[in-house]
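Look for subunit A in each of the two complexes below; its partner is subunit B in the first and subunit C in the second.
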Partner chain A sequence: MKNGFVIFLSVAAVMLLSWGALVLAPQMQLGGARQVPVLNSTDVYPLARPGTAAQGLQVYRANGCAACHTEQVQQDGVACDVVLLSPGKNPSAVSNLLATLKLTGLDEGSALSASDRIAAAGGKVETRIRATGSDIARGWGLRHSVAEDFLYDYPVALGSLRVGPDLADVGRRLPDPNWQLQHLYAPRSLVKGSVMPPFRYLFETRKIGAVPSPDALNLPAEFAPAAGYEVVPKPEAKQLVAYLMSLHTDVPLYNAPFTPPAPLKP
Partner chain B sequence: MSDETPSPKSGTEPTAARSHLPMWTLVVLLTLLYLGGIYFDHHSGWFDRQVYAPFDNAVQLEAYQPKSGAAAALAARKKSYEAVCGTCHGNDGIGKAGQAPQLAGSEYVITRGFNRLAHIPLAGINGPIKVAGKDWNMAMAAMGAALPDADLANILTYIRGSWGNKAGEVTAEDIKAIRASLGARPQAMTAETLQALPE
Partner chain C sequence: MTVNESPSTTNIDASCRVPLLALFSGAALWLVVSSALAVVASLSFHMPDKFGDIPFLTYGRVQPAADDALLYGFCIPAGLGVLLWIFARLGQVPLRGGIVPVVAAHLWHLGVLAGVVGILAGESTGFAWLEFPRGAAALLFVAYLLLALWAFMNFTGRREGGLFPSHWFFVAALFVFPWIYSVAQLLLIGAPLRGVVQSAVAWWYGGNLVFLWTSLIGLGAAFYFLPKFSDRPLHSYFYALFAFWTLLFFGSLRGIPAGAPLPAWMPALSALNSLLLIVPILAVAVIGWKTVKGGAVQTCKGGSYCMIKFGFVAFLLSALLLVAGACPQVSRVTLFTWFSVAQTQLHLYGFLCITLFGSIYYILPRAVGRDFAFPRLIRLQHWCSMLGIFLLVVSLAAGGLLQGIKLHDAATSFDDSTRAMLPFLRTSTMGLLLMLLANLLFALNLLTLLFLWHLSVIKTVVGAALAPLGKTGVKA
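And then the complex of A and B:
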């Protein structure tokens, strides 16, 4: 073969280039990822998942949850809202000004000029930053996913197909573990028309003993076991729910900034 | 099959004839390269690991960091405190043995007013002093003398409102007034002169 050595070198160069771009470059970029500070707070993010939640990731993996659920929230844009905190000493001037200004869905520059104009009129304002996009509008998260979200996970259950909803922030969306357990046992008892298969083998249906189990599911009649029986979650179900509860991507980070919604007043 | 081209002589490899690169190919390639450059500029984030999808570059990301609100103000105060005071007084305000007394629960911090507290960073302090039941005999330079009024006010507000301290806010105007009353080269405070001041 003519030019055999040149062909060999070209193939080696192509392999090396793709290795460099697909393995080496990401490793250099994110290989040193570590905990990062939460914006405007003294906390760090992420914290390692508690033991049962870390075991739950393996249950998640074993049951192929990632085949139908993603854990990656997309963000299409970012918008600023200017919020009036107090009208100051000249409320009528501020309210006249507010009537003429656009205050929501601004970019950073126009939010700054709007808040400067209100401040000049004596009003006290705050600029709130929020993520926008179809995933955000569905309530699946408050910001896009970042590499730090998966810092303590192995394997990373990113998922690629959305038969079911995204779970990146499910611990904030659906914070009730009892709801999650019942949903695993009988999805359609809670979500009408759900296509999720029931994971009944993560539960045990057994005869009620001397005392009913405190863990027994409180099921509607249609899904309840025969009289005298109760449905109790196995450890795997509890671990899986602990993992789902630990999925929180609701804190603002430098690389995913937003203004967190004000905490509810008691 | 009469017009079949004659097969090349066996033993020689066929070669393509050399010809010039057509001009239209060059134009198309350069146009694609140009469009690719624009796309790269908008979507690569210049390979910065902090820059994710909706943001084009690090400058834009920086512009969208939340800057206002109570949480942002607290974070700014904490940062100033840790830069100036935290090394000796501790980022947790409990002080460090042999370096500086505690600020958490200190009787010089949680006073009704902040006159005495403000004098310490503005004028410095030395000599024996008793803080929260412990005796100290050291010197502190006038760490706040070179700080802008607003920064020092932020730091004192942070000290008076953190680690369980629940004293009030300090404003830049207050610091300005105290600084003016001290003059250009104030004498370092001692426990006695500090006690003599109004709260």
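And then the complex of A and C:
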């Protein structure tokens, strides 16, 4: 290569290809994404986060929470469990059959044949699908994270390092906002040996007025402020907790199916 | 000097003096700031309760600020400075319009200042490697364009018609950054895309900047200095050509990690190209080995040659870690662990920074026309940075593997995986402290040189102003 212009042009061509493959193509495939139906339901997913939760995402961004937390639950695959709902009119035949069959951790085909055989014997069964993998086993989510989970987020905070646990489904896993607030204020008051920095600057320690604030944290003595003082979350702390509460990935989708643990009741 | 006469090497070096001083001295300051921030971040693993009342010292702000200060504060301006000088030397043309690159250099450092302060103040954009708020990004973009334009003008005006391998690598680097930076800024900050496409673009940007751009700059410098120090031609032109094209092609088509919540073809394409990087790595290894082996035996007492050789080996190691991390069997374990942090640090500091240290120690005394004030500290600095990066990378990589094995085993509690990582994180602080010391020594030598040069300029000016008028000055 003797000519600078040739280098320039060919570098430009390679970079254009790279842009086309990893910027343009993803945008063409996902840029027009819309809400998708929830399996076995008339609901659609996702809904935009409520206002305070959307503000909370900005607190999450500003304080770099994604430096230590991912929002990407991983999944190895799915397994099916066949559950007997009622033994039907011939319980002894069904129970004899059940003794010979493997009913948990099946692939789709064996689950179908098992449920067919039980049904033929008169039992009423249900086949439940569950995701498998270490993240799922830890209870970090019911299914793997998918593109739809982040449709309305800006910025999308997927994270890349797990210094702390995954948060994709934390709103289902730890649904108590007071627990979350106390954990933000003093992580080690709830999780022994945690390395999470405390976010005391999202809280205000102030003299108790005529009436104690209903928002004041109920802290164990070791972490409590001096007598006559109370710790009250600032708006940022409440927004951040609202965001964490809004992190739910507990609906089954076409590309991430599972059977919800308990039927959703209105 | 007439127009057609080729300028002397001294003239060329002198033409780069002020821009290089502006680029390198600011870079040296950012280097120190970056490692100081990295130490502060690392302290979170020793005493997590310490900074709970101080928003700008919280881990999530300090860590990205440290990373960006290293990459944008040191690697890019120092890399561009080395590039400018090598272009001027290879093309045998002095750097013209000296004031523009100087202004651009200051503009760049101003942009980094705005960016780092912005991150610490909570104005981070939230995208990895793109955290600088938009005002800072605009400054950086303009400054880079100016520097690149001046470098390119010097390149097109070269007297030596032929192109060296360093030329290809540098021209590509000059072009790659504005391209990826403008695309990423536009699609993530200016008019943001929806949903996870944001993450895809951020990963594309990160992969191109942190691996490709840095490799182009570092290898460009190494392919200039290795033949120079070993007194042998680069072996060979065609190997270099092959390495260049394969690196550019495979290196630019990757960045999306395994397990991302994106259509599966995207992580798969990225992993495939990461694996194929083994091709340029082998070619680069052959080039290095055949160029250096049996060359003139230069004493290697912690000087430039030593550093550039170390950086070269660090490139091969970090790139091999990258390839290994792309294998599905490995990435299953290393996903979301400190392993990839170790790889990035080895690449940025072990390879690029140390290569740039070596280049700057060689270039700056020639450009300024004055030796470093503390030449013995150079050797000490080299040892500190080598030991520091070694401790950092080995502890993070080993700890990351252990963390990954525990993370992957659902029977082990998550707290266990964190607790297993802690001793490694605490060891890595030792590495960071050594790197901080090394960076301080580097900055000390550089800033003393800058100070002495300022002093001599002032002396000359004052001397000229106060000198009694000579006989020729007064004509009766």
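In this section, the second predicted complex is superposed on the first by the 251 of 266 C-alpha atoms of A that agree within 3 Å, B and C clash if a C-alpha of one lies under 4 Å from a C-alpha of the other, contacts with A are read in each partner's own complex, and residues count from 1 in each chain.
Please note the rule applied: a residue touches a chain if its C-beta (ideal position, glycine included) is under 8 Å from a C-beta of that chain, and two chains touch if they have at least 3 such contacts.
From a predicted model like this one, the values you see are computed outputs, not experimental measurements.
Chemist: Assess the superposed three-chain arrangement around subunit A: do subunit B and subunit C clash, or do they fit?
Modeler: Pair status: fit.
Chemist: What is the contact status of A:I129 with respect to subunit B (first) and subunit C (second): first, second, both, or neither?
Modeler: Once the two structures are laid over each other on A, A:I129 reaches subunit B alone.
Chemist: So, does A:Q74 touch the first partner subunit B, the second partner subunit C, both, or neither?
Modeler: Both subunit B and subunit C are touched by A:Q74.
Chemist: In the superposed arrangement, does subunit B or subunit C reach more residues of subunit A?
Modeler: When the residues of subunit A touched by each partner are counted, C comes out ahead.
Chemist: Going by the contact rule set out at the top, does A:E108 touch subunit B (first), subunit C (second), both, or neither?
Modeler: Once the two structures are laid over each other on A, A:E108 reaches subunit B alone.
Chemist: Considering only the touch criterion stated at the top, classify A:V146 as touching first (subunit B), second (subunit C), both, or neither.
Modeler: Touch status of A:V146: both partners.
Chemist: Pick one for A:P257: touches subunit B only (first), subunit C only (second), both, or neither.
Modeler: In the superposition, A:P257 touches subunit B alone.
Chemist: Who does A:G209 touch here: subunit B (first), subunit C (second), both, or neither?
Modeler: After superposing on A, A:G209 lies clear of both subunit B and subunit C.
Chemist: Classify the contacts of A:G228 with the two partner chains as first (subunit B alone), second (subunit C alone), both, or neither.
Modeler: neither
Chemist: Does the superposition put A:Q29 against subunit B (first), subunit C (second), both, or neither?
Modeler: Both partners.
Chemist: Treating the CA centre of subunit A as the corner point, state the angle out to subunit B and subunit C, nearest 10°.
Modeler: Seen from the centre of subunit A, the opening angle is 120 degrees.
Chemist: Closest Cα approach between subunit B and subunit C after superposing, in Å?
Modeler: 5
Chemist: Would you mind listing the overlap between the subunit B footprint and the subunit C footprint on subunit A?
Modeler: 2, 29-30, 33, 74, 144, 146-147
Chemist: With touch defined as at the start, can you tell me which subunit A residues reach subunit B in the complex?
Modeler: For subunit A paired with subunit B, touching residues are 2, 25, 29-30, 33, 39-42, 74-78, 80, 108, 115, 125-129, 131, 133, 144, 146-147, 252, 254-260.
Chemist: Considering only the defined contacts, which subunit B positions touch subunit A in the complex?
Modeler: 13, 47, 49-55, 60-61, 63-69, 71-72, 74-75, 78
Chemist: Using the touch rule from the top, collect the residues of subunit C that touch subunit A in their complex.
Modeler: 44-45, 48-49, 51-55, 58-61, 63-64, 119, 122-128, 155-156, 161-163, 167-168, 171-172, 175-176, 179-180, 183, 187-188, 192-201, 203-204, 208, 241, 248-249, 252-253, 255-257, 259-263, 266, 269-270, 335-338, 340-341, 403, 407-410, 414-415, 417-419, 421-422
Chemist: Of all residues in subunit A, which touch subunit C in the complex?
Modeler: Residue list for subunit A touching subunit C: 1-4, 7-8, 11-12, 14-15, 17-19, 21-23, 26-27, 29-31, 33, 61-68, 70, 72, 74, 134, 137-138, 144-165, 187-188, 191, 193-201.
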